[in-house]
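These are the structures in question, set out in turn.
Look for subunit A in each of the two complexes below; its partner is subunit B in the first and subunit C in the second.
Up next, the complex of A and B:
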């Protein structure tokens, strides 16, 4: 019951946010230097006079601004993200074609970073002030300062160029003719480096958060009670501290998932991973604004969906939340 | 204990400060060390590092001095990091302060607005903004500020809310001081320390953002930056590792230094807060 209400509230909010982003996109197109029709068509030369004239008519660029806005937002809400003259295809098709690769990459990176981050955070908090703690905290600090794309390049250099362990390029071996299980293994091999390097920064974030949260919960009275009862430290850590310490980490993870989608632009660029991030990078060079804005909208949508899922997970972990409201 | 001696007890923070000061000095001296600028072609392309006299880090794909590029790049990183953080503070602090001080519907609107910007994937928005405004130092700085202010607004709002409930603020109200006076003279000065800590970490994040944008080719075309160096060398990583390696090290060192300073400031300015996280 409570969860159904929450989902409805969240969906309403999500719809409003999406609407606001569509409006933002509209104003961004108008903020770009030059004629909006040319902006939408991509770099001059990509579209001929007729196309520009069609665009003008389609968006009603001769109409007052609010009519244009109404039309634009209407188009977006009916999932018409415009046409990419550069790629010669509707933007929505381009995005849908590449979305699965991005989802595989970001979700893998998300789980790797969350599981490794929590595990390391717990390990560090269990040995506060000792060598293990300093080592983990120090490494996290280093990852925290490392640019995503540079970590990716260095990983290619070491594990792909020097050691030859893993492929550093693409989504699968082109022309290998693999099918079924072999193909899955092949994709998995291609996935390891991009997912690890994308997750590195976030792993550091979750590790720091878990460590701080574990130490804070460990000070609370119910933990003292558990200790006084004579429970084993490992049981206290797992059943009493970790459960409570995870709450802020889950919240943060939900918020950070959005940054993961942004970071995918960098990772996909380095690894030639055929997702929407790579699509955005290619569109930047071609100044294909329609596609850029489409990817932007879809990545915002992914963030919204991530946040709704987090909200629900949060309520499942801690039933106390939502009771008051 | 004075602020400095509390800061100095954190040895990592002191090292961070030394590194940052070194980077600042190098950035300032760039035109003295390399009067020809970072774009001048000085030798054959693809010279390996540590091989040629006067070119300790080798040359890039066009025969430019990698070290010169690195040192000029420090100027952009520091400048963009600093200016965009100041701009983000100029948006976030007033918004958060007004929201926290007045509460009610003002707070509601301000926080919905902030939340909206927090929902949008930060880096994707920065890319879109720079791409549409045309890449330049100004558009990059503005874009980074636009994606960085929401956490400031939230922090300031929370701080202002807690300070506004204190008794001396009631006293100021009874003394008939205006709202503006109370907010700027009595409330905001007491929220400065967490803002300073956050700002030092924001400079670090801004440097990472700037380098990521330049890496994607969204840097100012007239200015040498670390991200541009790495981006330009991306396709030749197999044959010329040093072109992307050294600028990356420069970024990591600078960002790490700023993060360490931020932690040191946090320890020094909020001593009662940090102890529970340590030992």
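Up next, the complex of A and C:
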């Protein structure tokens, strides 16, 4: 009941937040210099006033800004994200076309980083001060400090160019004619490098947070009580310490999950991964207003959804949360 | 230089052996960068669209690397002696990719279609009185006045022939067939996986027997320049079009075994780089200042270092590759002392100038830094302004700059690609592809106008030589480089570049040695 009530309240707030975000985005994007007509005309390498005026009229940019805003808000209230004149397709189609690739990449990276990060954090905390701990912490620090862009290029140079083990870029083998299982394996091969590159940073963060949190909780009185009761150390670690230590990790995971849609621009660019981050970046450069606003809106939606999910997970891990004092 | 000679030799060797035994089949992977917004060449004419869609759509003519017209959809043509009538005889038995027959009606329709959607076509056809089709395989164009460069306006990018049966009577911009373009060209559209690749396949019904040779073309979208270099190194792609990788990677890639490169295939475009100098206000409004800038710049250095020796330092507004070029003009060697003299003479007060680089990657950023250094050596204060592509367009179109980098195509003739940057009627706020610098010279305007409609080529040359001499004296813009974009490819790809627009229509004749 409590959970259902919370969800309803959150959804209501979420809808209002989304609307506010949409309006804010609208003004931000219109404040940037240039417009899609100028960019399109610029790319043509030749343009006259007629061309630019024709394009503006076609895109509806010849209308006053408040009319454009009114139309835009009206559209999103009817769940219509508009039409990309640049790409000649409805924005929703463009986003849906790119969404699977991005979700495959970011979800894989998310789970790799979360599971490996927590596991390594637990392992390091269990052997605190010993060699294993130093090794894990040291490696994590390296991952944490390495710029994503550089790590990605190095991974390509080593595993793709030098060793030839894995494809260096792309989503799948182009023109291979693979179907079904073969295709899945092929995509998986292409997925390994970008997912690892994207996941390593967060893995390091989860590892450090889990370790610190585990050590902190281990000092608390209820753990001493458990130990005094004569429980086995592994049981104490799993049922008493880890469960309590996970809360800050969940908070962070919620934040990372919010970026599942738009947070992989760099990785997608280096690995030529046909995801939504690139769609966002390229649309921004081209001032493709409708597309960029659409991607922003979907990203904002994801952030809100994952915030709600995070709250629910809190309660599952620690039932005390949310109960009235 | 050594490198260029070697390249020339390789190309010559390639052409010599190419004729012997052409092999059919295979697949070719090429880079397209950036991803085109659309493949409907009649509606969108940006570089990447031209490169891919030039295999799908065709023009009436093609041009060889000396810019002489060659048959394409038109098998032959006649120009009346007075230059007032152009008659094109079309190839027979040509079909569109959907099986419908192609005829002169499509050509007539195309002239209406492009009138609404293609600014360069609109400009060239403003000299046309009428377009008629006396029979299914003949098109007659009557002119209002003789217009010398007209014969250069018929390649696929300037006038792509579009299918009347698909577009007539529809709203062109939202026609659903724009997503699956139908042309007459040697390759047909198969699939476009957005963000990944565009797949074209051999047109089995192509009207020239035996062409094309290659079965499948894959244009790969790889957004990062370093990754594009890797894609070529690993053999994932076999062709890097000009400008696909950063200049400093060019040397390393071309030195690999089995890799060829050529700077041919850009003759029609002859990309010409310069800085617009704002002629309206600030220090750049003084002719002596602009001349000082020309003397201050070490253009040979930029060519050798920033562009790895590719290209040529220009003498003026017309590229040495373009018709009616003349080198009989005032010269501006690198001479800092002369520059300082001119600045002292005008009494330059140290007002800083804003330099706006072109936001097309590292090369251009470095170029702006080299210019800043050169100018500061002679005492000119420089602030580098920066903007993304949209911001650059906005600033230049609204004249909000002191010196701004750009480069423009010349399209084989001064009247098509050069005049637009220097005549007073082309001073129009709101577009970056005209007389952005604000140069006004009524005497020259008359000569530009006379040269465009002069039927006698010798007289045209005379007029253009006079124009070049005067403009180079006035320095409305600082000419920097005749850009050469080397195409890098695996040597087993033969006959890749045979025309003045290179890869844009070259895959018709290319083949792969297995």
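Assorted remarks:
By definition in this document, the second predicted complex is superposed on the first by the 273 of 325 C-alpha atoms of A that agree within 3 Å, B and C clash if a C-alpha of one lies under 4 Å from a C-alpha of the other, contacts with A are read in each partner's own complex, and residues count from 1 in each chain.
By definition in this document, a contact is a pair of C-beta atoms (placed from the backbone, for glycine too) under 8 Å apart; a residue touches a chain by one contact, two chains touch by 3 or more.
All values derive from a computational prediction rather than experimental measurement.
When the two structures are aligned on the shared chain, A:269 is found in touch with subunit B and with subunit C. In the superposition on chain A, contact is made by A:94 with subunit C only, not with subunit B.
In the superposition on chain A, A:258 makes contact with subunit B only, not with subunit C. In the superposed pair of complexes, A:169 makes contact with subunit C only, with no contact to subunit B.
Within the superposed three-chain model, A:206 lies out of touch with both subunit B and subunit C [touch as defined at top].
Within the superposed three-chain model, A:157 lies in touch with subunit B and with subunit C [touch as defined at top]. With both structures placed on the common chain, the touch criterion links A:314 to neither subunit B nor subunit C. Of the two partner chains, neither subunit B nor subunit C is touched by A:110. Taken together, the two complexes place residues 32-33, 153, 156-157, 161, 269-270, 285, 287 of subunit A in contact with subunit B and also with subunit C.
Every residue of subunit C that touches subunit A in the complex is listed here, in rising order: 27, 29, 34-35, 37-38, 40, 44-47, 116, 119-120, 122-123, 173-174, 178-179, 193-197, 199, 216, 218, 220-224, 226-227, 230-231, 233-234, 236, 387-395, 397, 408-409, 420, 428, 430-434.
Remark: subunit A residues 32-35, 38-52, 54, 58, 85-89, 94, 97-98, 101, 153, 156-157, 160-161, 164, 167-171, 174-175, 268-275, 278-279, 282, 285-287 touch subunit C in the complex. The touching residues of subunit B, when paired with subunit A in their complex, are 116, 118-125, 127-129, 131-134, 204, 208, 211-212, 215-218, 227, 230, 234, 237-238, 241, 244-245, 248, 251-252, 255-256, 259-260, 276-279. Subunit A contributes residues 17, 20-21, 28-29, 31-33, 128-129, 141-142, 144-150, 153-154, 156-157, 161, 211-212, 215-216, 219, 255, 258-259, 261-263, 265-266, 269-270, 280-281, 284-285, 287, 289, 292-293, 295-296, 299-300, 302-304, 307 to its touches with subunit B in the complex.
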